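Following this message is one structure expressed as structure tokens.
Per-chain numbering from 1; labels A, B and C assigned in written order.
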Amino acid sequence: MPAVLIEDVHKSYGKLEVLKGVSLSVETGQVVALIGRSGSGKSTMLRCINGLEAFQSGRIEVAGHVVDQDPKRLRALRKDVGIVFQSYNLFPHLTVGQNIMLSPRITKNVPQAEALALAKDVLAQVGLSDKFDSYPDNLSGGQQQRVAIARSLAMQPKVMLFDEVTSALDPELTGEVLLVMEKLAKGGMTMILVTHEMNFARNVANTTVFMHQGKIWEQGPSRELFAAPQTPELQGFVKAGAQG
Amino acid sequence: MPIQFQFEPIFAESDRIVDGVLLTLGLSFGAIVLGLVLAILLVAAKSLLGRWVGLLVDAYVELMRNTPFLVQLFMLFFGLPLLGIRLPGTEAALLAMTLNLSAYATEIIRAGVDSIHRSQLEAGLSLAMTRRQVFQHVVLMPALARVWPALSSQFVLMLLASSICSFIAVPELSGTAAIIEQNTFRSFETYIVVTLIYLVLALTLKVALDRLGRAIFPRISSVDRLDAKAEAA
Amino acid sequence: MTTFGWPEALFLFRAAGWTLLLTAIAFLIGGLLGGVLAIMRLSRIRIVRRIAATYILVIQSIPVLMVLFMSYYGLSLFGVELPPFLAASASLAIYVSAYLAEIWRGSIESVPFQQWEASASLAHSPAQTYRHVILPQAVRISLPPTVGFLVQLVKNTSIVSVVGFVELARAGQLVNNATFDSFRVFGLVALIYFAICFPLSRLSRHLEKVMNASRPH
């Protein structure tokens, strides 16, 4: 059974239809990149997967959870599905360590000592062991984003979602975040990422999905897709990306 | 025993109530206009005159803002006669309200003036305006426009605080209530009616000030407005 | 007629104690009520929101004096004769609750909505989100305006003499009636109020500066 199964999802904001029947299947351990222009629906699609956005019709199943807006089922789903945002969204009143330990402790009743060990472990994975007692404000954007990834990892998710996680970062800081994500991918994490980093999509994602006007316009193995885009829209998009 | 409400005795005193409403409105409008003018003068003095004047203005503002309106009212009503200045209750009330409001308005307008970008001042000075002209033509109106919502709230609070003038037997709305209460012995009904009138007056004033603001400052969007908070008197 | 001397001054200082106690109790009860109202104001249920919003609008649009009269005479209508101190605290608490509710609602709302999203995405329940993520941040944001409001409260305690309670302002009136030394009497009364309020005003402004300096981007 696939880790993520999306079937004919439709979503509108009032009269504006932003997702017009999206279907996608992601196998366990796969890395899928969602690319496309802004307004193509890729971020909305991603946010539907952990229930941050409700959708009108269709069906999404993630890690064995059916996605709907029932609060209890949503919470169960979110224990297994992590998300990292463009603007990090760390809790500014908590230290790095507290940011990471909070959710395992209150949602899974992980004992303090175990949560501490877990936090140290995930911080080491993102290379920030020395920042345990720092406050988010005192970290660079790249470091904050790595903490956000560690915070998600501490929930031991089966699927990780990344929503343009490097878009808010200065160019010289994106590398450290991408490196952490690449390591995760190699470790076998199932990942779906919305990204503008075409090189990362090409080199790290197994599959790249090009979204356009609320639909999946074209998809395929990343290297093939970028080497030989079929539709004029993707050709134009890849070309513009190469120039920019 | 079921509670019996009797509103007829209250309505029999409607002339008195109308007089009370008129005095409340008169005092409030008077204090708003005079207080606003005084506040603008104080802000101008602080901006244009020397450091000592600024400190004096600050001291005045802090003194007024950190003592109760009631005590200010008592000071004027009971204190001034000792200096040979005998003010009737209504005049003492108007003076106290004006002074109190001017202090809050000064603080609010000053925040508006501080929010005007330096480049605006420099542009004005570069056009050979004097500092007074810059204040008058470049700074004042945009500053007022930005703080109009905060000023409006302060004006409404002044209307509400005018009720305190009944402490020195000024026959404004709540002073009238005290008289009607004595005449009718229907305390609760009296205060229900009077409270409802205050509610209507305050909400009407709020809407009117909002409209007025749009009329005087049509080209300032609400986004530009400074989020200064008004405080109770 | 007596002259204004040490016994009178002492009487005023003792009354100032009652002003402080009244402030503290009205703030505590009003704060509890205000907290509930703030959360009601943000409820997902429309009617709950409406009730809280109407209560706040009405209380903020009538004089504190009327709140005092209404609650005092309203209670006595039901045969409840509260001692003056309780009547004064209760009615001030009603006034306090409306203003604090509005201040705290604003503080809760100024926590960026991304914090709600991040918290929900980590499988926190709404209650856990409030408790661990939103309220700790909202409390920080609300500190300067809350302390600022405390100044308004101290000043507004001056009008509870209408329900027969002798706090600082009423004590001033009594001493004035006995001595006719209005300048010195109300001068001292004003000075005592100022000594309570001015430090609070400064603290509020200081807190605001600290918050602005450390505001997360």
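Here is the rule we use: a residue touches a chain if its C-beta (ideal position, glycine included) is under 8 Å from a C-beta of that chain, and two chains touch if they have at least 3 such contacts.
Note that this is a predicted model, so its numbers are computed, not measured.
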When you take the mean of every protein CA atom shown, which chain's own CA mean is nearest to it? C
By number of C-beta pairs in contact, which chain pair leads? B-C
Could you state the distance in Å from the CA-based centre of subunit B to that of subunit C? 21
Report the inter-chain centroid distance for subunit A and subunit C in whole angstrom, where each centroid is the mean of the CA atoms. 46
Per the centroid of Cα atoms for each chain, what is the distance between subunit A and subunit B, given in Å? 55
How about subunit C: which of its residues touch subunit B in the complex? 58, 61-66, 69-70, 73-74, 76-78, 99, 145, 148-149, 151-152, 154-156, 158-159, 169, 172-173, 176, 182-183, 186-187, 189-190, 193-194, 197-198, 201
State the interface residues of subunit A toward subunit C in the complex, per the touch definition above. 50, 52, 71, 74-76, 78-79, 82-83, 85, 87, 89-93, 102-103, 106-107, 136-137, 151-152, 155
Contacting residues of subunit B [partner subunit C, same complex]: 3, 62-63, 65-72, 74-75, 78-79, 81-82, 156, 160-164, 166-167, 174, 177, 187-188, 191-192, 194-195, 198-199, 202-203, 206, 229, 231-233
Of subunit C, residues touching subunit A in the complex: 114-115, 117-126, 128, 132-133, 136-137, 140, 214, 216
